[in-house]
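Sending over a structure as structure tokens; questions will come in a sec.
Labels A, B, C and D are assigned to the chains in the order they are written; within every chain, residues are numbered from 1.
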Amino acid sequence: MDFTTETCTQLFQALAIRMAAERDALCALDGLIGDADHGIAMEQGMQAAAAAVATLPTLQDQFNAAAKAFLNAVGASSGPLYATALMRAAKTAGPRAAMPRAETPGLIIAMAEGIAHRGKAEPGQKTMIDAWYPAAEAAKSGASWPDIVAAAQAGADGTAQMQATLGRAARLGARSLGHKDPGAVSACVIIEECAKILG
Amino acid sequence: MDFTTETCTQLFQALAIRMAAERDALCALDGLIGDADHGIAMEQGMQAAAAAVATLPTLQDQFNAAAKAFLNAVGASSGPLYATALMRAAKTAGPRAAMPRAETPGLIIAMAEGIAHRGKAEPGQKTMIDAWYPAAEAAKSGASWPDIVAAAQAGADGTAQMQATLGRAARLGARSLGHKDPGAVSACVIIEECAKILG
Amino acid sequence: MAPTQKLINDGNRAVDEMLVGVLAAHPNHLTLAAPRAIVAKHGPRPGKVALVIGGGSGHEPTFLGFVGKGLADAVAVGNVFASPPPQPAVDAALATHGGAGVLFMYGNYAGDVMNFDMASEMLEMEGIEARTVLTTDDIASSSDRLKRRGVAGNVFIFKCAGAAADLMLPLAEVERIARNANARTYTMGVALSACSLPQTRRLNFDLPAGEMEIGMGIHGEPGIRRGPLKSANDVADEIMDAILMEMAAPAGSKVAVLMNSLGSTPLMELYILYARVAERLGQAGLTVHSALVGPYCTSMEMAGASITLMHLDDELTKMLDHPCDCAMFRVG
Amino acid sequence: MAPTQKLINDGNRAVDEMLVGVLAAHPNHLTLAAPRAIVAKHGPRPGKVALVIGGGSGHEPTFLGFVGKGLADAVAVGNVFASPPPQPAVDAALATHGGAGVLFMYGNYAGDVMNFDMASEMLEMEGIEARTVLTTDDIASSSDRLKRRGVAGNVFIFKCAGAAADLMLPLAEVERIARNANARTYTMGVALSACSLPQTRRLNFDLPAGEMEIGMGIHGEPGIRRGPLKSANDVADEIMDAILMEMAAPAGSKVAVLMNSLGSTPLMELYILYARVAERLGQAGLTVHSALVGPYCTSMEMAGASITLMHLDDELTKMLDHPCDCAMFRVG
């Protein structure tokens, strides 16, 4: 069973549903070290993406449409970051209606690169990269989907011990310690859903 | 022991202290059917009056000074009402340094008349007149100070069953039922202190 | 209950300290004539009717923000939610009258009426004619127009009277225009939270979450009734239904609109409400001549909003458009 | 927790419904160029640098209230507390540029930088030069000026840039003046309560009664520290100490002051604070050239206040005094 445009549509629908469910928890996390809107951004972005991908002929078209829809619905920090991530995923998926499941971890690698590129972020700065980077590293090393998820999760958990040096929380100094980065937490949700549907 | 200018000074000091103590309770009462400031008005007014009466040679001077000070410190509804009341009391006390205790219930009558005159109020409209009028009636009939106080108290208690037709609460209609009028309650405090010090 | 969160020094000094700040911030507009009597630097002049407004504090920018050339000549400033005593009103009138009489304008509250009436008597003793026009725009406060409270509509009503005075019309004319302005102005509001007096720093009434007070006064006096908090559109509709019914303006009429915040309701919510107000006016065939949106008549930090419509005629339109330059309000 | 008390219809539609109301209320000032891109009716013209500002919603009258002749030509409107995406910024620029280039100005936030940078790249592809000046006036947000947030000082900084553009100066000059304005503007604020997003209607942070957050951002981002709620004078002193130290203006210098409410802090408290600010400026030998007091840059219904000083030079004084006519702000 390949990863098809139909599966891709399902993936974004699942992401929209998950983000709606996590919205208030993500907002609460963002309220501790940011501006309390991360859940809203992720919900609206994924909702827009899910609406945009339906009925498009190729995975590349779908990911590009998702990128644009996410960006236009959200703005904020998450918008450009995930828009770039999804455009990289589009490039990796290519102009085809399906891709072999075995290739799908490559999407995680592409997305992580897109985020790092757009945000100029490195691991350890208490951002979503702290979930995306270890997930991508695991994917590169050929790890299984459960291991990719576990790597992301461990990375996100680790952000609680980090002092933010990038993004809105960077001005908090030591006050950002003790709270997980909301972007890293929502990144885990995305990677989890990918594992469920692509794995 | 006559009612002297010294006793008069004591009276206003006592009133200032009592109103400070009752301030928040009176404000809370006013909050239910008015604008929550009656305690502040009475506290500031009596404080100003107490400061104004000291060292004046006659009772008339004192009550007039109290009237003016109360008015200027307060404004609001209570200001003109008590200013007029106190000016009437000044007239009754006259230009003398002392008056016989037996005449002091006349001050209650004078004050009640002043309030009714200024506010064009009648009993039953849920105002301070519902305490002052029965107190004045009792005084006119030669009742003892404790009986004057009791009459005021009963009048104030009775305001809980009245629907306001005058003052700020008049717009409330039936919603003013069930709460005592704050002006009637503070009137009782004044009459009580008068009884303690003049009686 | 913990005291409410306020940036003040001493509740008893809050009004006077505010006035120090107002005078410091607006030296080109305002000056102090006497304690609690603030007058316009430009505006008062010989032969001109002096318009003196006043009322309790806590409604800023009402009243003192509307003192200036083309609007009020002076204001008498009361304690929070308390009418000023007569003296500042007298002082304000004496400082600004130009031999053509004084017009007192303020909201219709028992306390204000008693204090300003005393002020009028005092001026009469000085040989100065003072007339009074009470504002009674709050349609929720009584079915009898004469018994109604004055609330946010003050802005429009004072504005028209101020323009008439600035145009050097005689006292009787200024009074006539002021009465006409009041008669054609309709306000209704809702409150979503209480406010607190600086002296007590306790909420002045209790309003459970999920409820609102309909027809609330601007001092937190209870309104017509409590009800569940509704959507912006439903709130706007309820108020517009009531106002349009009373106003009974024929299609094609012009109105001025004031979409007012009672304090902590932000512009975002006011504009959401205004979108509906504009829609309703369009449906009723009424034309918006001008609209004000913002905190114009507040109850300190109370949450809530009021809608005011002034049913314009040609004269009121002219008065409303007449330039004014106040510390906190400008037209033209 | 009960939802916070708001007059809205649908949290997800709040920003768009607000824009409907804004356009309805200010038809002489504003028009819609594209979704979330609002432009000034008067102002943009051939040969003039287009000043395009933008940022998240929830700060009204910042940003959209400052669009108009003499100030910004257009605004890109984001979701609540969220940078707009690139498209409205591009649309705003395309609708207003007059062949003399575009200047983007907005507060220095990671999200805004990423989105506006994408917009600049998109404009470059159209052959339109776009430069950017970030505002960084919040002295509490970092010891490094370049890393600081832009907060209420935006009002002054945008005003100066808008005047420069209105005077038909070339892009490099407008940019220079904007940078100078930003470099000489210093803001610090305190928050006394949280606010809530229309979508969640939950308080966005927890602030116990009796405490305040010092150095709070305008999105409720935590500040430098928590501390007990202090008196107005102590708060003003703490902020003035910090600003005066940084500003290091020699006695005799002129300043502009913005005494800003974050939302529900009423004018009474702002003027009490201002009284102290004026006193402190006098003690420091500084002259107040102009003062703004009111809700200019808010966080919806948050309680709190910020003080902004702009250390004027002759050029900035001229820019600040240059007339502007916006939907929610006027000078001259």
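The rule is simple: a residue touches a chain if its C-beta (ideal position, glycine included) is under 8 Å from a C-beta of that chain, and two chains touch if they have at least 3 such contacts.
Just so it is clear, the model here is predicted, and its values are computed rather than measured.
Engineer: Return the chain whose centre of C-alpha atoms lies at maximal distance from the corresponding centre of chain D.
Structural biologist: B
Engineer: Could you state the distance in Å from the CA-based centre of chain B to that of chain C?
Structural biologist: 31
Engineer: Please compute the C-alpha centroid of chain A, do the same for chain B, then give the distance between them in whole Å.
Structural biologist: 71
Engineer: Would you mind pulling out the distance in Å between where the CA atoms of chain A average out and where those of chain C do?
Structural biologist: 53
Engineer: In chain C, what residues contact two or more other chains?
Structural biologist: Those would be 80.
Engineer: State which pairs of chains touch, listing all of them.
Structural biologist: Chain pairs that touch: A-D, B-C, C-D.
Engineer: So in the complex, the part of chain C that touches chain B is made up of which residues?
Structural biologist: 12, 56, 78-87, 109-111, 114-115, 118, 141-142, 147, 149, 197, 199-200, 202, 204-205, 217, 219-222, 225
Engineer: Touching residues of chain A toward chain D in the complex: what are they?
Structural biologist: Residues in contact with chain D: 23-24, 27-28, 31-37, 39-41, 44, 71-81, 118-119, 166-172, 175.
Engineer: For chain D, which residues are in contact with chain C within the complex?
Structural biologist: Going by the criterion above, the answer is residues 2-9, 14-15, 17-22, 24-26, 57-58, 60-61, 65, 190, 192-193, 198, 208-210, 212, 229, 231-233, 235, 259, 263-275, 278, 288, 291, 293-295, 298, 300-301, 303-305, 328, 330.
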